[in-house]
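Shared between the two complexes below is chain A, which has chain B as its partner in the first and chain C in the second.
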Partner chain A sequence: MTRSHPLARLLLVATIAALAVVPLFLDPFGYALRILCLMLLFGALGQAWNIVGGLANQISLGHAAYFGIGAYSSTILFGSFGLTPILGAVVGAVLASIFALLLSIPTLRLKGHYFALATLAAGEMARIVANSWTSVTGGPVGISVPFRPEAGPWALQFETALPNYYLFFAAFLIVTLIFWRVKTSAFGYRLRAIKENEIAAEVVGVDTYRVKLQASVLSAALTAVLGTLYAQFQFFFDPDTIFGVATISVKMALIAILGGVGTIFGPWVGALVIIPLEELANSWLGNSLAGLSQFTYGVLLIVVILLNPRGLISLAETLRDRLSRRNGQ
Partner chain B sequence: MTQKTKTTLLMTRRQALIAGSAAALAAPLYARSSFAQSNVINVGVIQPLSGANAQFGINSRNGIQLVADEINANGGIAALGGAQINLVISDATSNPTQAATVAQRMMSQDNVVAVLGAFASSLTLAISEVTERRRVPLLTMSFADQVTGRGFRNIFQVVSKASALGGATVTHTRDLARANGTEISRIAIMYEDTAYGTAQANGLRNSAAANGIEVVMDEAYPLGITDVSPLINQLRRTEAQVVFPVSYLNDSLLIIRNMRQQGITTPTVGGAAGYIIPDFRNGLGDLSENVLSISPAAYDQAPDYTDRFRDRFGYFMVHEAQEHAACMGVLASALEIAGEANPQAIREVLASTTFDQGWATVMSGGRIAFDETGLNIHAVPMMVQWRGDELVTVAPSEYAKAEAVWNA
Partner chain C sequence: MAQDSLSPPLLQVDGLTGGYGALPVLHDLSLQVGTREFVAVIGANTAGKSTLLRAISGLLPKVSGRILFEGQDLTAMPAHEIAGLGIAHVPEGRHVFPDMSVEENLLMGGYARKDPAGAKRTLEHVYTLFPRLRERRQQAAGSMSGGEQQMVAVGRGLMLEPKLLILDEPSLGLAPLVVEEMHQRFLDIHRAGVTVLLVEQNVSLALHSAERAYVMSSGRIELEGAARALLHDDRIRRAYLGI
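Up next, the complex of A and B:
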C-alpha cells in the first residue's frame, strides 16, 4: 500500500465506492444481494485468518471454532435472555479469545503440519461439544435466531438484507484496516520474521510465542464477531455447518491462499472468485448433474492454483510491473 | 528473443484457459432465459442431490417429478386455464448456507409459488428462514420438531414430528412384543454420531424413559465405522430384548450382517433412513428378512398410487418419495382451490383445507390437514417389516397389512 501504483489506488477507491452504492440498486430481498453479502463475509473471514495464517504462516484449520463460538454466543444470549446480538458479539469475541488463549498454550509450540492438525482437531472438538451439549446449543438439529421483526435494528433484525449488507461491508473494511495496521506495524514485522525463520527471529530477540499468541487472539476475536453477523444473516445454523471443516475452516484459509496469502487484497480477490464460482457451478449444474457442480468447482480451483501458486493477486503485481516497465521505457 | 516468444505464448495459453473457464461459467446465464410464458407455474424443488444424502434427495425428486408429470399430462391446473407445473430443481448439497442461497435464488429469479424440500432437517430449517421472510409456502417431510416449532406461518410439515416418531418406535415395538407374549423392559440403542443419529437416539431414549423401559446399552459410534464386532459383542452381553440401531445404509448393513453371523436373533428396529430403502435388501439378501423399522409413511397403504412410481422408476416407492409426492399433490390441490398462482393465496388454502383427493391420500392417515403451526394432524407413524423384497406395514393394528414376526 505504501508504494502502490496510482492506478491501483484508483481501483481501490472505485471498488469501495461501487461496493457502497451498487446494493442500493439491487432487489433488497434478492439473490444478487445475498451473494454480495456472502462475498463480503468470506472476504472478511479470509482477512481475519490472514493475520495469523498469512503473516505468521501459522496454518490454522480450526478457525471454525471461533466462528461458531461467536454465532452460538449471540444466538443463545438473544434467544434465552433477549440480549442484543451487538453485545452478544462482544461476549462471543471474549469467549473466542479465551478459547484461542487456552488452545494456543499447547499448540503454538507445534510447527508446520502438526500445528495445522492440532487446530483441525480443536475445531472438530468444538463441533462435537455443540452436538452433544443439547441443553445449551440445541444439539445436532441446530439453532434458530428467533424471528422478532418488532425488535428492530437494536436486535439486528431487519426486514431486508440491505442493512445486513452494510454490516458485512463495514466489518469487511474494518478487518482489512486492522490487517493493514498489523502488517505495517512493528508487530507485523515480528510476525513476518516468524514466517521467514522462527529460530532466527528468536535469536534477534522476538518473543515468538507471545507474538503468535497475540495474533491468534486478535484473529479469533474478529472471526467470532463475523460469526455473530453470519448468524443474524442466516438465522439458522447447526453444529456441522458452523464448525464445519470444509464449510468454514478450510474455506477461510482457501480464500486467503487463493487470493494471495499474507497480502492485503488477497482475501478480497479470493472471495471475489470463490463465492461466485461456487454459486455459478451450483446454479448451472445443480439440477442435471448435481455432483458435477462440486467437481467443477474443485477442478477450477486446482487450475487457478496451478496457474498462480502465489495467489491471484500476483496477477495484479505482474500487471503492475509490466505497466511500470512500460512507463519507464 | 526466443525466450520472449515463449513467454508470450505461455501467457496466451493462460489467458485462453482463464477466458475459456469464464465463458463456460457464463454460458448458463444465457441458457437460463426462463419460462416466460404466463401459463406456467414455477414450483421450487430443493433437495440434496449430491453429497451424503444424495440417494434420498434423488428419490424425493423422483416422487415430485412423477406427480408433476401426471398433473401436466392431465391438462395442468384447470382453475388456472390448464397451467403447466414447471419444476425448478436445485441441489442443496449438504450445506444449509447453500440451501438458503438456492431458495433465495429461486424466489428472486424464478418467482416460484412454493418450495418443496429438502429431506434433511438442517437444510429445511435453513430454507424456511428465507421462505418465511418472503412469505412463500414451504412444504416438507423433514421430521425435526423445530420445523413447525418456531411459530412460522409459511411452513407445512406433512409427516409426524421426530419426537412423535421416536415415541411411536418404542410404543409400537412394545405392542408388537406384547402381542407375542413378551414384555419389553431392556433395550439397546446404537447410533452413528452424526446430527441425524444423535437426534434419533435422543428421541428413543426419551420415549423409553417415559415408558419405564431401561436402556441397557446406549452407544454412539463414528460414521463410516469398519468393524462393528465390539458393538455386537457388547450387545450380546447386555441381553437386551430388542435393539434400535440408527444409521444410514452402510453401517446398517454391517450391523445386521455381523449380528446375524454371530447368531444373535434379537429383534431389530431401525430408525427409517437406511433401513427402508431397496439397497438394504440388496446389500443383505435374506439377512434383511423380518427387520423392523419405523416409517412416516408406507407404500402398501396406497398401492394404486405408489405402483405408478414403481412402474416408472423400477423400485418401490420409498417413504421420502411418497411424502414429497404428497407435498406436490397438496400443492396442486391448493392451486386448484386458490385459483391464482399467488404464494399467499396458496398459503391461506393450505392452512384452512383438508386435502383428501389425489396424491394427498398417500400419506399415512389417508388425508392431510395442517394445524395452526403447519403440522399435518392426520399423520400416523407406521411400523414396517421386511418380507422378501418388500416392506409390509405391521403396526398400528388398524393399518397393518400383515401380522408382525417377532423373533427374527
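Up next, the complex of A and C:
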C-alpha cells in the first residue's frame, strides 16, 4: 500500500467533517438533502459491490437482486407482522446471503463476460418473480411501507430526511470501513491473488471458489441492509425500480468503476459524480426522454474505460505524484 | 539415481484418462516418479503433456484412473488442497501475480505451508538461488522480462518447500542463454533434494537435465527409459532432435 499523502488525509478528514455538518444547514424537507442522502446510500452500495466486483474482479451486474430482497423483506415483515425494520434488515441480509450462495453454484466458476451475463440474468429473474408473485410482493403496482410514527425509533421512520441522512452517513462509513478491513487483511490478499491470476492463486493453495463465495455473501448481505434503508427512506417502491438493471445493478457497478474499481475512495468519487449528474439529467429533460439516464451511464462507462480504466481516483494519484515530485521527495 | 524398487514411488499415476469436456486428451496413461528423482516428460506439441501435469495438480476437473502421491489419492482433490500436500506446480506461461511485487509473489507461494514461520528462511534460499529476484524484490512482477517472470514463478513454487516440483514448459519463449541458466537452477534445486517432474519441448535440454524420461504421443506413453539412453535412441533422435 502506498503511504497516504498528508494532503489526502486532510482532504479525508475535511470531507467527513463536511458530511457531518453541512446537512444541519440545509432545509430538512428540501431537495438538496435528499440528493445528499442518495449520494451516501449509493456510495455505500458502490462500496459493497466493490468487495466482490473490485477486489476479486467478479463484475456482477445483478446486485439489484440483493438490494430488492433487503427492501422487500423488511417492508413485508413490517407491514404484515409489525416486525421492526431493524430485524427486517437482518432477515433480508440472511435471505440475500442464501440467494448469493445458491447463485454461486452455477456462476462462480464463470469468468469475465459470462459471469457478468449470468448475474445480470439472476437480477432480472428476481424482478420477474417480484412482478408475478403478487400475493407476497404486491406485484407490479409496488408496495408501500406503512407509516407508523407511533412505533417510535424502532420503526426507523422519520418526519424529515435529516435522521435518514445520518443513518445513511453511518452506513456509508461502516461499509467503507468493512471494505478497508477486507482489502488490507489476509482475506484481501487472497481476493487480490484471484483478481490478478486465478490459476496462480489456485496452484499456490488458495481455495478460489470459497474465497469468492465469502466475498459474494458479504457483499450481498451489506447490499440487502442498504435495500432496507432505501425502502424506509422512499416509503414506496416497485419491482422495476428496486430490481432494476439500470437503476440499481449497473449504477452500483458504475459508481465503483467510474471512481476507481477496487480502491477505497473510488465509490465515494463515483457517487459524488453519478448521483448529481443523474438528477440534473432528469430535471433538465424531465420525462421527455425515457431511458436517458441509462444512455448517460453507457456513455460514461465507455469514456472512462477508454480514457482511464483505473477511474477518476487515479487522477488524484497522478496529481499527488506530481506534487511530491515537485517537493523533491 | 534410479528409484529404489522396494519403496513405493512418490508419485504414481495409473490408467489416467481425462481431458476437457467430452474430449479425452489422456488415454490410460501410467507413470511413476520416485523420491528425489528428476523425471522429464517429452513429446510433440498437443501430445497432452501439459494436460497430464494439470491432471496431477488438480487443475483438470474430470479425470478417471488413479493418481497417488505418498499413497494418497489426488484424483478427486481440488488444486488448492494438492498444493497443501507439498506439490508445487509452476504452470505453463508463467502466471505470476502481475501487480504484486516480486516479494509478494514469493510470499504468496508460501501460502499453503504448514509452518508459515519457515517462509522467511525459504525466501532467503530463493534469493540465493536467484539473486536477480533479490535485486528486484520491490518491482511489480508483471513489469519484468519473461526470464525474470519465470524465476518468480519457480521461486514461488519453491516457497512451498515442495516435495514435488512440477515444471510446465519453463523454457517456452525464453532466450537461449536464459534457458540454459534456468536449467542449471533446476539441477541445483534437484541436488538440494527436491523431486522434479519436468515437461519440456526442448527435448535435448530435458534429456540432459533429467535422470529418467517418458515420451508422450497423442495422450499415451510411447517410451520410457533413462534420459541418457533416450538421448542416443535412434527413434528419439529422428523424431525430436532432427538428427
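What to note about this one:
Everything below uses one rule, namely that the second predicted complex is superposed on the first by the 304 of 329 C-alpha atoms of A that agree within 3 Å, B and C clash if a C-alpha of one lies under 4 Å from a C-alpha of the other, contacts with A are read in each partner's own complex, and residues count from 1 in each chain.
Convention: a contact is a pair of C-beta atoms (placed from the backbone, for glycine too) under 8 Å apart; a residue touches a chain by one contact, two chains touch by 3 or more.
A quick note: this is a predicted structure, and the numbers were derived from the prediction, not measured.
Once the two complexes are overlaid on the shared chain, A:205 sits against chain C while remaining clear of chain B. Between chain B and chain C, B contacts the larger number of chain A residues.
In the superposed pair of complexes, A:117 makes contact with neither chain B nor chain C.
Of the two partner chains placed by the overlay, only chain C lies in contact with A:196; chain B stays clear of it.
Applying the stated contact rule after C-alpha superposition, one finds that A:307 touches chain B and leaves chain C untouched. When the two complexes are overlaid on their common chain A, residue A:86 makes contact with neither chain B nor chain C. Here chain A touches chain B in the complex through residues 27, 29-32, 34-35, 38, 128, 131-132, 134, 138-142, 144, 146-147, 234-241, 244, 247, 277, 279-287, 290-291, 293-294, 300, 303, 307, going by the rule given at the top. On the side of chain C, the complex with chain A involves touching residues 57-59, 78-81, 83-84, 88-91, 95-100, 108-109, 111-112, 153, 156, 160.
The part of chain B that touches chain A in the complex is made up of residues 14, 17-18, 21, 25-28, 32, 49-51, 54, 57, 89-91, 93, 95-98, 100-102, 104-105, 107-109, 121-122, 125-126, 128-129, 132-134, 144-146, 150-152, 193-196, 198-199, 202. Of all residues in chain A, only 189, 192-193, 196-197, 199-209 touch chain C in the complex they form.
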